[in-house]
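These are the structures in question, set out in turn.
Next come two complexes, and both contain subunit A; in the first it sits with subunit B, in the second with subunit C.
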Partner chain A sequence: MSATATEPNPKVSAKLRRGRPELYTDYAADMAMLNTPGKRLWTGLLILGLLIAPFYLDRSWTSLFITVFVFAIGAIGLNLVSGYAGQVSLGHAFFIGLGAFTGTYFGGTDPNFLGLGLDMAIWLPMAGIIPAIVGWAVAPLASRVRGLYLAIVTLGLLFVGGHFFNEFRSLTGGPNLGRTAAPPVLFGVDFSAAGPLLGIEMTARQRTYFLTLVLLIVAAVIARNLTRSKVGRAFAAVRDRDIAAEVMGVPLARTKQTAFAISSFYAGICGGLISLTSGGRLDPINFAGAEGLFLSVTFLAMVLIGGPATISGSLMGAVFVVFLPRFVEAFAHYVPLIGATGLVTVPQLENILFGVFIVAFLILEPRGLFGLWLRVRNYWKAYPFSY
Partner chain B sequence: MAMIRPLSEALTGTTIDAERSGPVLEVNNLELRFGGTRAVDGVSFEVERSELFAIIGPNGAGKTSIFNCLSGVYRPQRGTLHFLGTDLLGLRPDDIAGRGIARMFQNIELFDNLTVLDNLMLGRHLHIDYGTYAALLYRGRAKREELANRRIVEDIIDFLEIEAFRKFPVGMLPYGVKKRVELGRAMAMEPKLMLLDEPVAGMNVEETEDMARFILDIRAELDMTMIMVEHDMGLVMDLADRILAVDFGRPLALGTPREVQSDPAVIKAYLGESDEGPTLEEAAAEAGRDT
Partner chain C sequence: MEALIESIARGLGQGSVYAMLGLGFVIVYKGTDVVNFAQPALMILGAFFVSWFTFDAGLPFFAAVPVAMVAAALLGAAIERVALRPMVGQPVFSAAMVTVGVFFALLTIATRLIGTDIRRAGDPWGLNAFVFADSIQVFQVDVAKVVTALLAFLAVGAYFKYSRSGLAIRATASDQETALAQGVKVGRMFGLSWALAGALGALAGVFIGAGGVGFEPISALIALKALPAIILGGLDSIKGALIGGLIIGVIESLSRTYQPGLAPWLGANFDQVVPYLVMLIVLMIRPYGLFGTPEIERV
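So, the complex of A and B:
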């Protein structure tokens, strides 16, 4: 480490750097988001792969990826408040539902229900902003308690909110009935219909795929910026040692409030997009009561399995949780005693495995899939030596 | 090559306005109760500019409670606390930190999952000047501020000789290094007053000497005012300018190391005394006869 922001060194020549790609010659390079050639290469390959994938995948796989992208936005949001700031929230499904119905209020075109019919450029941001405001408003209640008590308080929020969704029929359509969601028409381009995008003819699914992919990348980059900034450090400080954080000058209540607001914003965006994964319909029952709790737990599972306090872990967790049922379905036929005539049915097995994976990760690898990746990386870093 | 700045250039906020006269910290008749227990009971003292003021006393004497009152973690029931003329009573810990009081904890209170760098950057929290919205983009001002503060943190890393641990999560580090990181985090806050709660507790002789050297260097380079709670009497007697001895929350003695060392009340608190039974010497003699 030598050069500094105020007295920049002349760049060390490529010749000297040869063979030492991780030799940093200034702090900015060390602090960059993708600060190693490995990270740059793999991120580039991943994005490239995701860009060409929908042209080779069939419809159901494309849909699955859309679900991954939408859920990953929500998982990042939950990871910010629970993984980084350490405030375990079971109310995430409430904020997702709030985002879904806020978006539908501003963008809905169904004449039987409330809806302003605005463009997605307006309704999607609103789907994030309104939950963020609500998150900001309820955070002072939630930040007075911690741990298990906080989980119960947020659970209460989920049930109160669920009742509100179920009863506000003129907006939500009522439980088990639902309504059509706001159409994804961004700047006049309808992403739920086939047509050209950037000069390439695409199906509706492919267009939705690219829309959600771009939104996820933006959401992930912003979250990553946040977590490497003073705000993200303050979150982690509050999680690890709240009293020490306060003595360092981190305002406790304010920091928790910020975490809740930003997390709720992400949940709201996820909610605004969630109808894209369910055929353009929204049913309040999915965000209320037991169903809502299951949705919240699903997001917690993404955070825990993927890796708490890592953005890339949230992405891995979303992939894992969304793909798990598909793999269980595909392989269930090869395992005895599973199926309609066996001991457990395929959906039951899915739920069992879901639980098993949460427990297994909590006990064996609390750092989640990200932790597994770290092990692999460190193994190959030192290969062929063990350390 | 690395331009190593003297600490006084990196941490410019530590100097107390030269115009100011009077003590840095005035504590008057401080009283802190937990139910019926008086943890701190009528403690008064003043700390002068550039002084190293030590507080000693047996376990449970209320030393750390005094620190907790100073840093706003506990709110005392009675008494006054003035730091550079401002009343500290009723302020939140983060407000007090903003006024220039930094603290090193007795039982290491580092952020275990964060790296040494991030822990020290958290010490800089109040000096890193950008808002949440700027953080979302991490460009322009946010990036400049992060870089400038990273540089200050690197100066502290240099000073404490913990370069090798820069990127390690603090939870993985050995005890002595953790203590050093905690000292660094307090330094990073660029305080006008440092509270050191048992900086050498549980350390071996070598680590203790290192810590003593760091404390002396900080005093020499930054002209820092410090209050230290410590059980290592050798260190206290060597470093402190003045000492306050407390027991059961009450002040026993206040004065130079020499005065406090020979104060009968202090000796009594540490070694005990007997009113009815034999004295220590008599007891020893008694024990010797039996064998």
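So, the complex of A and C:
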């Protein structure tokens, strides 16, 4: 490495590189986030498409995309701890709830409940930092146990934490009552009201869309960079064989602790933003007991369906899980026996499909949607000699 | 004093239900290395079967229970064949997540079957109670729970100890490849483990809707409290499932009786989370529970 650092890297001419997209002349280019022209092109097109989309989509689709962006942040967090570091967590909903109520504590303006009324520039980071500290604190307990024991421990955390949310009424409003969440006012700009953003007049929904999109891109880029770093390699080593990793000098307890803390940070940010998807209200019941378990499993489904240990998979998983109900609704009347009088109602069909998709992906394509994409890509890469 | 004895009796009853569910978890875990998160759904469907055979099919209650157990056992075996068999050789985490998916699908089906009404098991015990020393009430259903659980544990213990297929299941649990080499049909043993878990789930489900209370789909979450029970007892110990279940049941019942008076600041329904708190504390002190086998890892 030092040799390439001292003398300038001899650039390969554009003529030589043509038709050889995978010709790398240095390590950095090989490990770059967008290391092929195809990736650069499609990522650019995707971001461009997402930037112009809200001006052509109707309100409900824009809202759906906002939900995707917010959930994707949480899914990336769960993927870091479960997909990359291999520590299965059913307690993700607890950290999301913790982020939601931490954000509300620092930013809440409702005089009936606790709230400091600070700007989003303060409450959103705090919504991540406090869960990260809690995650850091409970991780030693979690790192005493492994595998399936861990899943059960985190399940316990979910129920105990949910009880805490339900009973801390002066902050959370109590179960089934809830309270208004912290308003998304960033540097004095209220994203829950219509107005100009970067000189373009927008509706409240469009402004929220861009806010969450930008936050998601930042979160995804940081996560992707993290997984390419020493920390990310330590996560993978712990996942693949924790004892072997320890023998090779990866500090086991600290790596697990880091994974939990970072994952909880992402969960907290997702929680801080989750009120944007639910009309600005928060209800502790959504993060406690059965509902909390459902939320945790929803995030696990995003990771498993999207593709464990891939950031782009988390995004695909979030899109899939959030859009699934919409598609089921749209196609349900073409199928007989679905509906209020039929065998199952539409929401019930959604839940059944949800379970079936988790099972089907685990059995048929454990790499998730990302794996399906890889198959397609490899087919066309080797075309016409693919088989 | 009366309150204490009554509370302990209720706790032993509830703990017996956890113990039966825990036994189902333990059998599947020992036999196939999978934590069966679908057990709550098996329990609630078992409860529905009992209710359906009693009220809709018109069977007497004591005939409906075994029929429902057979139905739940078949369902368990079917789940294993369809969803879990392809996962053999995959990471245990993936297999556990498959059971989570199955749980969701089955729970929704149970929701549809049960509907919005609260169903009852149609048991003969109802709210009848034995009265001791003039004033101490012990509900008959709690006695029935304890007796059933003890009989179930004895039956399962005898089955594993004396029967040919029980021995085969134990052989599979101890080493799959060696068992295969000795001519044990390992796949069938997996199915049998799940069938046993299904039958035990249905047996526990009987008591979810018995004793004057009904059950609804969300009652399935009661079964998750068997997880603290088996963590306390040890994930792979049958004895642990019984003792852990009873301990968790009694602790939960005692906290329900005394926490509102002694520590009201812990909030309403605190007894619902006590099992999980106990579990977290146990794991800090003994990660493998009271009777569990410590995992020995080789690289």
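Definition applied: the second predicted complex is superposed on the first by the 377 of 387 C-alpha atoms of A that agree within 3 Å, B and C clash if a C-alpha of one lies under 4 Å from a C-alpha of the other, contacts with A are read in each partner's own complex, and residues count from 1 in each chain.
In this section, a contact is a pair of C-beta atoms (placed from the backbone, for glycine too) under 8 Å apart; a residue touches a chain by one contact, two chains touch by 3 or more.
Note that the structure is a prediction, hence the values are computed from the model and not measured.
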item: Fit or clash between subunit C and subunit B when superposed on subunit A; value: fit
item: Partner chain(s) touched by A:R241 [first = subunit B, second = subunit C, both, neither]; value: both
item: Partner chain(s) touched by A:L304 [first = subunit B, second = subunit C, both, neither]; value: second
item: First (subunit B), second (subunit C), both or neither touched by A:V250; value: first
item: Touching partner for A:N112 - first (subunit B), second (subunit C), both, neither; value: neither
item: Touched partner set for A:R233, first subunit B, second subunit C, both or neither; value: first
item: Contacts of A:T36 with subunit B and subunit C, given as first, second, both or neither; value: neither
item: Where the C-alpha centre of subunit A sits as vertex, the angle toward subunit B and subunit C in the overlay (nearest 10 degrees); value: 80
item: Subunit B versus subunit C as contact partner of A:I352, first or second or both or neither; value: second
item: After superposition on chain A, the shortest CA separation from subunit B to subunit C (Å); value: 6
item: Common ground on subunit A, meaning residues reached by subunit C in one complex and by subunit B in the other; value: 241, 243-244, 247
item: Partner subunit C, residues of subunit A touching it in the complex; value: 86, 88, 141, 144-149, 151-153, 155-157, 159-160, 162-163, 166-167, 241, 243-244, 247, 289-290, 293, 297, 300-301, 304, 343-345, 348, 351-352, 354-359, 362-363, 366
item: Contact set on subunit B toward subunit A in their complex; value: 1-3, 71-73, 92-94, 96-98, 103, 105, 109-114, 118, 121-123, 125-126, 128, 130, 132, 134-138, 142-144, 146-148, 150-151, 154, 185, 189
item: Residue ranges of subunit C touching subunit A (in the complex, touch as defined); value: 29, 35, 83, 86-87, 90, 92-94, 96-98, 100-109, 111-112, 218, 221, 224, 227-228, 231, 235, 266-270, 272-273, 276-277, 279-280, 283-284, 287, 295, 297, 299
item: Subunit A to subunit B touching residues, read off their complex; value: 1-2, 4-7, 27-28, 31, 33, 222, 225-226, 228-234, 236-237, 239-241, 243-252, 258, 262, 309
